[in-house]
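The two complexes that follow have chain A in common; it is paired with chain B in the first and with chain C in the second.
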Partner chain A sequence: MFRHNTLRYGALVLLAAGALAHAFTAGYFGLEILTEILILAILVLALDMVAGFGGMVSLCHGALMGVGAYAFALLSTKAGISVPLSMVAAVAITGAGAWVIGTVCARSHGIYFIMATLAFGQMAYSYVFEAPIFGGDDGLGGISRPDLSLVGIDLDDSRSFALFCLAALALVYGAAVITLRSGLGRSLSGVMHNAQRMRALGLTVWRVKADVFGVSGMIAGLAGVLAAQHSMYISPGLLNWTVSGEALVVVILGGLGTLVGPLVGAAAFVVLKHEVSALTSYWHLVVGGILIAVVLSRANGIFGWVEARWGAKLDRRLADTTRGTEAQEVTGDA
Partner chain B sequence: MLELQGLDKSFGAVHVTRNVSMKLERGERRVILGPNGAGKTTLFNQIVGELTPDKGTIHLAGQDVTGLSMAGRARQGLSRSYQKNTLFDGLTVEENLGLAAAVHTGHATRLWSDSLAKPEVREIVAEVANQVNLMPYLHAKVSEVSYGVRRQLEVGVALATRPMVLLMDEPTSGVGPEMSKGFHDLLNNLPRDLTILIIEHDMDLAFDVADTITVLNYGEVVFDGLPEAARGSKLLKEIYLGSWQDA
Partner chain C sequence: MDLGFWTLQALNALQLSMLLFLLSIGLTVIFGLMHFVNLAHGSLYALGAYFGASLAAAGGYWTGFFLAPVAVMAVGLVLYTLLIRRMRKSGPMAQVLVTFGLIFALLDLTRIVWGDLGLPMNAPDILSGRVAFLGIEYPAYRLFVVALGLGVFAALAYVLSRTQIGAMIRAGVDNDAMAACLGINVERLFFIVFCVGCALAGLAGTVAAPLLSVTPDMGLHILIPTLIVIVIGGLGSLKGAIAGSLIYGFVQTFGAVLAPQLASMLIYGLLAAVLVIKPAGLFPAKG
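Take a look at the complex of A and B:
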């Protein structure tokens, strides 16, 4: 089950402070990179919920993000539905699609689960690529961002949109924590530890997995909506399995099953991508090398490594300090 | 409360359960004895739904549950503990009990509320923890407690679903004599209306808790009766009890 500890709270504060500082000081390109990080962070949070806490390694989260993006684009540009309502509908549609995928795939596990989700993802990719309504290879353009002019916010401004995405990420993080600490989240944790025992207790295991997959799909859908609003243009490439693969790399790089780790992973991945690609077009080789080093180090990603080294020590030190302060207060009272 | 009629199960040419029938009344405590390979655990697996019998029916509280899944049977009031610990090692003792209690109370699938914070779940956790002497270990992770405590928890998790019928597969497996004695008290202190079916190799425990005894040999029921009759049975002495009674 998900638990916060001192290190996780500390990392969250640092990440939020870093993002805010960057949002208020960076220029246009810096803000574009920050927004890219924030949207990727939302997608990998969704993936970490199912892969890190339910053992469901999904290779269709890229496609789910694409479903969210296309649903939003179609509803807001072709169906003439308002942007806020299109956003809600796109998230709901993606969640429902993810629930159906989860229902089918939850009956398998391990490599079979991965392959089943990959198949669903590629089916969605092929369909979007071929169907004329989605614009085929040309994609869809003319996508709008929400109009918050009533409260004095212009989301067409890069800084405002980056802050909007940061707020969305904070909301999603809270929702993920609440879900993982809920009865459903606890059951998911039980299923990951021992699915057979959960069945023996009377739990319908596939239903729990499908429900969490649905929630995760909604979050991936929101990432898609924001990605569509960010670039104001979408193409079928968004649904390709490589997007899911990249998201998985980010989760593993950051720290599977930690929620905070994938946020670190998203920042590290996007920064690496931009910095290394400025030096060489073979940036994938560098990222691949780092990923291999992380996996071979047997640490659970960057954040997992930090947590293993300092997390427990920090908690103990804080507990000792608290006890010491209490003891002093008691002595003082006496 | 639990009625098995003509259960039969084969794995290829190996016939592991042969026409097994038995009827347990409400509150009855029946011990299943038999040498290794007699088919005791396979019978348990069929009763709870982990295996599908080739023939025969299983009725729980008058209802035919043969076609139900394992989860479906558990929801009808059938619970089991395992010979090998089948716990949630990364979680605490409290969380282990809480998972079972949440399934029973319907909080296991709720999205917005923490099941372990629910009063009815906490009540079951506290009650079961008292029943199986786990109160001192509630906040310890399963991986941090002793083997004996894990055996108690194994039973506790099964009890936390508030079953009508509890199946216990060698609850004292691998524990020392002192711990085994603790299990006598634990079993004797369970509510008298709980129907219990136990596979047990500890003869002292078996005869201490049993109202009735069933002996399996090569998948077949060869004895079904009172403990006193089991002690005096020549057949049992030959196939199973000889070395124990001589000792």
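Take a look at the complex of A and C:
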């Protein structure tokens, strides 16, 4: 089950403060990068939920994000449904799709699960690529952002949109934590550690996996909706398996199964990508090298490494200080 | 759509199947023997194409044909000593990620060495013409690819089923701990299989080079079809690799001709169906 510790709270506060400070000080380019980080963070949060807490390493989350983006684009531009309603519908559609994929794949494990999700993802990719309604290779344009002028916010401004994405990320993080702490999330941890025992306890294992996969799909769908609104244009490339692969890399770089780690990973990944791309066009060589180094070091990503080194120590020291003050109070009373 | 059309498409399908077979057999036996997931197999194929094209430019097609697999095997050897031997004991997740990192690194290394533009490679003069039979004309080079694939299949089938080392490999795939107890050096066996698998990937790249364009991302494009082949066929078995390759080749080729709208979805749908009905593939090495 997911627990917060001091280090995780600290990292969250630091990340939120950093994002807010950046949102109010950065120029246009900085805000674009911040928005990119926030959207990627939502996607990798969805992936960490299933991969880190359910052992379901999915290679279709990029495609799920794409499904969300296309569903939103089609509903809002072609079907003439209002933007907020399209957003909700797109998230629901993606969640339903993910639930079906989760149901079908629930029986497979390890490499077979990875391959099965890959197959579904690529299926969606080829369909979007081929079908004329999705605009094929040309993609779809003219996507609009929600109209919040009622409360005096203009989301076409990149600062407002970055803050809007930050709010969405905070909401999603809360939803993920609640899901993982609920009965469903606890059952999922049980299934990951020993599916046989959970089955013996009377749990419908495939149902638990599919349900969490569905929730995760909804989150990925939201990331897709925001990505579509961010660039106001979408192309089938969004659904390609390399997007899912990159999301998995971000989760691993940040720290699998920590929820906070992938957020750190998303920020590090996007910043690194822009910095390295500015220096050399061989950005993949750098990220490949870092990935190999991280896996070989056997640490659980950047955040996992920090946590293993200082997390426990920090908690113990804090516990000691609280016990110390309690002890003082006791002696004071006497 | 007369007989000639069907023959032509069947040959196209067969040629694609053989190319995929050369790639998937190495990958599947490496996985079956040592449960090692080598996603970088496609990158070795791309390296094979580059080595082949460069060597062919220097010393003619056959220099590339014979030396490129050796060169790729050397690269495989370096990877084995530096990385893969250390990853043997880690879980599939770590292996997938390390080899995913290798894909990225090798992709950019080929770009650094050979540049972003495609390299040309011509078929040898003796195979550059067309052969007329059964009322159609077919490029001789493609027939050569089909023959080569069938030849490699026959050779591997013989080695695996009739020789001592083949028996040792089958024993290792079936139960590596028991094989080790019987005095088989499973570690050395894996090393040999790994080298042969790399050489075959290099060979596939070299023979594919005159058919497709040699670009840095060719390894990335072939990876998914190769994985589909081994998952449909079942991991670890020769029969699975050839069956998977044929299924993929024929579904892809005939799908593209008969139902172009559905072609690319067809194969993924098939894969999903196989995984649902027979999660371990059609002919898995272990019952």
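Keep in mind that, in the parts below, the second predicted complex is superposed on the first by the 334 of 334 C-alpha atoms of A that agree within 3 Å, B and C clash if a C-alpha of one lies under 4 Å from a C-alpha of the other, contacts with A are read in each partner's own complex, and residues count from 1 in each chain.
One rule holds in what follows: contacts are C-beta pairs under 8 Å (C-beta built on N, C-alpha and C of every residue); 3 or more make two chains touch, one makes a residue touch a chain.
Everything numeric in this text was worked out from a predicted model, so none of it was measured.
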{"item": "Touching partner for A:287 - first (chain B), second (chain C), both, neither", "value": "second"}
{"item": "Which partner, chain B or chain C, touches more chain A residues", "value": "C"}
{"item": "Chain B versus chain C as contact partner of A:181, first or second or both or neither", "value": "first"}
{"item": "Touching partner for A:130 - first (chain B), second (chain C), both, neither", "value": "second"}
{"item": "Which of chain B and chain C A:148 touches, first, second, both or neither", "value": "neither"}
{"item": "First (chain B), second (chain C), both or neither touched by A:17", "value": "neither"}
{"item": "Residues of chain C defined as touching chain A within the complex", "value": "31, 37, 83, 86-87, 90, 92-94, 96-98, 100-109, 111-112, 220, 224, 227-228, 231, 235, 261-262, 264-265, 268-269, 271-272, 275-276, 279-280"}
{"item": "Contact set on chain B toward chain A in their complex", "value": "48, 50, 69-72, 74-75, 79-80, 82, 86-91, 95, 98-100, 102-104, 107-116, 118, 157, 161"}
{"item": "In the complex with chain C, residue positions of chain A that touch it", "value": "57, 104-105, 107-108, 110-112, 114-116, 118-120, 122-123, 126-127, 129-131, 241-242, 245, 248-249, 252, 281-285, 287-292, 295-296"}
{"item": "Residue numbers on chain A that touch chain B, as the complex places them", "value": "1, 178-179, 181-184, 186-187, 189-190, 193-194, 196-205, 207-208, 211, 215"}
